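Scrolling down, you'll hit the structures one after another.
Two complexes follow with chain A in common, the first pairing it with chain B and the second with chain C.
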Partner chain A sequence: MKRKIAWLLATIMILSLSLCGCGNSAAPVSEEEASTITIWHDKEDAVIQVLQKHLEELCPDVTVVLEKKSNLTEALKMVGNNPTAAPDMYFFAHDKIGVYAEMDILQPITEIIPREELDPYMGNTLEAATYEGQIYQLPIYYETLLFLYNRRYMPDDAVPSTTEELYAYMEAKTNGGHYGFVEQHSTPYYAAGWINGFGGSILKEDGTPGLDDESTIAALEYHKKFASLMPGETEYATVNTLFNEGMAHSTIGGPWLIPTVRESGMDVGVAPMPVIDETQTPISPYMGVQGIQVLKLAAERKPQAVEQVLRACMDQQLEIDLALASGCAPAREDCYSEAAIAEDEVVMAMKETAEHAVPMPNRPEMDVMWTVTGNLLTDVNMSGKDVAESAAKAQEEALQLIEAMK
Partner chain B sequence: MTNNGTNKENCKRKDALISYLWAGPSLILIALIVVFPILYTAYISFTNMNVYHWNNYEFVGLHNYVNALLVFDSGFLSALLMTIFWTLVNMVLQLVIAFVLASLLNIKKLRLRNVYKTLLIFPWAMPGYVSILLWKTGMFNSQFGLLNQFLAKLGKEPVRWLGTNTMAFISCTVVNLWLALPFMITIIDGALQSLDKSYYENALLEGATWTQRTRYITVPMIKPIIAPSVVITIFTTFKQFDVIYLLTQQVGSKTGSSLHTILTYAYENAFITNNYGYSSAVSIIIFALLILFTILGERGGKGEKA
Partner chain C sequence: MKRITGLLMALMCLVVLGLATVTLSVRADEERIPVYMQVPADWEGPCVWAWDDDGKGAFDAWPGGEADADPANEGWYYCWIPAWANHVIVNGNAGTVQTEEILLDGSAAWITVAEDASFEVSTEALTEGDAPEYVEKFAIHAKVDDSWENPGLWAWSAPDGTNAFEAWPGKAMTAGENGWYTAKAPVWVNSIIINANEGSVQTSDLTIDPAEIWVTVNADGEAEFSYVDPDKASLPDVTIHVSAPADWEAPCLWAWSAPDGTNVFASWPGEALEADESGWLVKTIPGWVNSVIVNGNEGSVQTTDISVETGKDIWLVVTGPEEYEVSYEEIALPEGSASTAESVAEETTAATEAAAETTVAEETVAQADEKSGTNPVPFAVGGVAVLAAAGAGIAAYRKKKSA
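Our next item is the complex of A and B:
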């Protein structure tokens, strides 16, 4: 008897193992499937609740499943062209568009929604959504870094309007464990604001690195003196804790930091980015645009449901509600004429910063640039190495890695 | 007589076949979990699978291996030397400290023995990732870490514990010891408990000192018992990635140290490219290196025994 059971179990096991991975065939789409849209996302609950409510109201015929994925980008690489496992759309930042477009799993949005219907969107959000001349994302909201200050230590009239004023403030206030200003000075996403403000770049539009450009080197040289007045370790947790605990008077951080510091009782102010004295341009951080991308498979198999959901996501009221619920800066220009939006200090500060912000490069080459630029910044700001030499070395490494990608 | 012999042989064959049959499901599982990924990686290493050729990848022969050799430059060689040094230092410290602690746990009439054992095993119960980040923020952080809080109380300047290669090496070694010691202590403790006490009684009667007893009885007797665990730990230490990467090189929280083992070096110079063919070729070369070291290690071991 035991032997029979063991045989049975072994057979089941072998059969089930051999059947693994056999579900890759493209079956015809049933009516129920055609009216179900799965959207992967990585957003907080407040954003998703608003989106879900709007989609239910605006697309009553479509069942929209919003599924949170912790490792969305890697999961998409694995299943992006598998009809049984891939989502129909995903709600994510624009910076991975290039990777997925090259993998040929994305459908250009303009093949579903005519280009002229996207005219109400801010120009730089559409620029962010464009890769090799095609728009692959329907923008919903965007984020930029902000200049944040603690009013307890830095009154409104002491907020620096230029970087030299900021440096003078740092020199005066940095002592005894207190810092005039802190930022993640050796993290590319944060340092990019200084580099862009000097007219330099981490990755140029044509996909070549710009680390040893004169303007990038000038930015790194200039930025170094600010880094010297900040703590040695400036990763996310340390910088945010210093600001949150009142040990740093000001910082450059994302809008996501504001609710946390407000909860701790801080009277936090949001100011325009200081203007760099050398170039007369404000610190110009990267802009990340959050929006909907459509997978090619879904566009082919469920065209009507996909279009309905996209059109619902273009609703002006959705973007206004997201701004009110979660401080998301609307991608549609016409939202800013609404009183509720115009009165929101954080959203309007992001709008102002966005005037000079640079869309984060969406090219696949950027994947290697984060690491190389991080090493360059660490060499310059933390190990005190020569800027020009380090930049030349980093440029060479970046070129090698980009070559190795192909 | 001949018939008997043939029957016996047939029986043996049948037994062997049945044994393989019963082991079949497990062998299939091992093949799927261990052998298949290695073979698949080897297959991918001969193709141009990357983001630009995701669905239309082709066989490119040894092209990736030629490119992979570029990774094995002077930077890789210094990373390899660093890896060997890292393995050596960590193994010596692990064995010495684990032996001392296990010996202390075996002192006769030791009170609260189980409490000490539980405390010593505790780091093993925590996920490595959590332990490493706790060490990074809780102990080594220059602003809020416990070590600098102590220094501040003593009126000393704060230290950047992960800021230079030497400091980072020491700090990474401490964390690696914290993570690895429970395993080694458990193994040595078990080995010590299995020793025949009569050898020690005789040695005591002969007037042997503690050092002599350790050198001539304990160490030679536990050596064959702990040998497999030591070999496993050598390879775990050799291919260590988490401790060094999470403490010093995570994107967004680099510390200024440029300490690299072969795996962190390969990660920064190959794996981030999203070129699966190229990264697979680098992985296969590292795999071959590890196999080579295993063979050399085994030969060394056999030579010692002879």
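Our next item is the complex of A and C:
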């Protein structure tokens, strides 16, 4: 009951904000305000310390306040067009851009920085930052899932280069409580790599679900046999525990897993994603791009300070230092010629994986797809239901939910 | 059949991951020093027990690290220990004979033990050449048929064929108190044979991972293995007694072991709970289960993940998706539960809006949180704020929730 009331309140507040136009871009801005930029973020201290230090050096005339915000996305929805409460920018993943663009609270980056100045950035990071033809994020770094393996069990020359090799390895090594390979097979974020590798999709670029597409169904059919050689329950903690405690030879996991397994003493290897034999395309996971988004209010009220901070965030060394602090890969292509990046095995593996990675959809419709796709994966991998029937049902459900959103 | 047995073994093994957390005191990559020793002739299988000033041990269990004969220096054994372990005891005969505590200074040491267990320590080398390089070892346990005497371990690396021990039948396995024999092999080993009766009986070649392993061998030499101590996995079955909300039709139980994720039932929503004479809905489940979900209406309503203690009968009163009480002692059956209200089975209650709202939101949050930390909530499309699926009431959540 309490929860319902909160939702209702949230809706009313958002409606009020949208309809009454609380945004007050015409309000005068003092000199001090105009040279102060507040950036909301959700990052760990190590990353923010690097950012703070660089910004102090690169734009000394601007006071940058980095504010860690819990429940950042919620807060933005509430105050995104309120000049007294909204931040000027936020440092966050790209996948919510569509929501805020639809709310009309974001300023396209290219209205501040000319498009050609973004040429040094990797194409897929800009693709991730683009919604309905507009670039709304200045990419800083990105992450992809990686193929990780325990060298004690899987020597470098035994790392499977194709999915059929991986399956044969799993058949040979899954025994006695050890697994040749584990992944979160029924979690959409992880299953997306297989679906994308087949040319399928969870959500298409136009915002329609792709769950019953031929390619998606083929991916789910093919992926089933791999799931059958993994534990039934493969949630985040399960998979990480199995790998970290030496019960699984290999996994597909995020870069955030590597410090933990290294701490446990594991000699962990990072390899390119296996190529799917059926499509000759590697497993193609989602790519998440972290970067700076500018709120429309700030762009109107503090244009000079906003541009200075954005330009500072385009600094190559800043991007390198931030990427290394976060354990991710820089978004600027020219960073990869620098030794600090080129010699980092994990970052370079991410770069290689990124060549086939698919930016996580940034459309609002994606919100409903997580649940529907999760249910579909459960039906297929855990309940043994017919793939085509389950996919058709999920597609119908997704369409209904998206329609309900509108 | 073998596959099924293997899977069962795997299940048993995995479920005790949480119970049998491996606590290696020695990390593979830390600095080590060699401790050399000469021991009396009747001290078989010399070992080193080592610890630091704070009492932190270098080895998990007495008698400690196994010493190996130094092939270049007859009569000398060596054992690598962490450099921080500056207190040692040299022992033999499975720890039944030993020296007093010996203090080291963090560098290599040569210890000579006399017949009366007195000792002399030298930091000047008393052997020639360097000790063989440190190689991490892992334990191989075997439980063999009574007709198999003095079991031994033969181990090698395939396909190159490098043997771990000099000659067949390999290394003698040491009898433990629990019926298991144990020997260690270097981590480059990936193939083993368990043998006995001076090598006259043996298993076939077993391809294994270099990790602590338990091998069970019958009289014919047929072997099965597990990477978790089967003795720890052999908890007896338990009975779970459930009282579910009256409007949860046909309540089912979903049960598993966390964090390894071993499920009891093949597919969601699990198996139906059946009313017993007392009115409780009951199900017998393996004793290793430590997590359950009660669900109803074909899995469209469900509890959150409920942690339970292993090996104990359970009384679980569920009053809502996130409201429940767990007891390990019998309690009175509440009024109005699904089990007491027989008419409930005839009710056709759709998933409530509230349940859909809660579960849809939580699931999506869980998915998104993992990646970007973002939450799905009301958002605006085309300038109009709307509630996502929850308000529409069409998202019946059908899946076991993320742990």
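In this section, the second predicted complex is superposed on the first by the 376 of 406 C-alpha atoms of A that agree within 3 Å, B and C clash if a C-alpha of one lies under 4 Å from a C-alpha of the other, contacts with A are read in each partner's own complex, and residues count from 1 in each chain.
Keep in mind that, in the parts below, a contact is a pair of C-beta atoms (placed from the backbone, for glycine too) under 8 Å apart; a residue touches a chain by one contact, two chains touch by 3 or more.
Keep in mind that what you see is a predicted model, and the values were worked out from it rather than measured.
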item	value
Fit-or-clash call for chain B and chain C when the two complexes are aligned on chain A	clash
First (chain B), second (chain C), both or neither touched by A:Thr163	neither
First, second, both or neither for A:Thr238, with chain B first and chain C second	both
Touching partner for A:Thr130 - first (chain B), second (chain C), both, neither	neither
Partner chain(s) touched by A:Asn71 [first = chain B, second = chain C, both, neither]	second
Partner chain(s) touched by A:Met382 [first = chain B, second = chain C, both, neither]	both
Superposition-derived comparison: chain B or chain C, residues of chain A touched	C
First, second, both or neither for A:Gly176, with chain B first and chain C second	second
Partner chain(s) touched by A:Ala93 [first = chain B, second = chain C, both, neither]	second
Which of chain B and chain C A:Asn81 touches, first, second, both or neither	first
Common interface residues of chain A - those touching chain B in one complex and chain C in the other	10, 14, 99, 102-104, 187, 189, 231-233, 235-238, 241-242, 247, 364, 367-368, 370-371, 374-375, 378, 382-383, 400-401, 404-406
Chain A to chain B touching residues, read off their complex	6, 9-10, 13-14, 17, 81, 99, 102-105, 184, 186-187, 189, 231-233, 235-238, 241-242, 247, 364, 367-368, 370-371, 374-375, 377-378, 382-383, 400-401, 404-406
Partner chain C, residues of chain A touching it in the complex	1, 3-4, 7, 10-11, 14-15, 18, 42, 71-74, 77, 92-93, 95-96, 99, 102-104, 152-153, 172-178, 187-189, 231-239, 241-242, 245-247, 249, 265, 267, 286, 288, 360, 364, 367-368, 370-371, 374-375, 378-379, 382-384, 397, 400-401, 404-406
Chain A partner contacts - residues on chain B that touch it in the complex	22, 24-25, 28-29, 32, 50-52, 54-55, 67, 70, 137, 141-144, 160, 162-163, 250-256, 258, 268-270, 272-275, 278
Residues of chain C defined as touching chain A within the complex	6, 9-10, 12-14, 17, 21-22, 24, 27-29, 187, 207-211, 213, 224-228, 256, 258-263, 266-268, 354, 357-358, 360, 363-364, 367-368, 370-392, 394-395, 397-400, 402-403
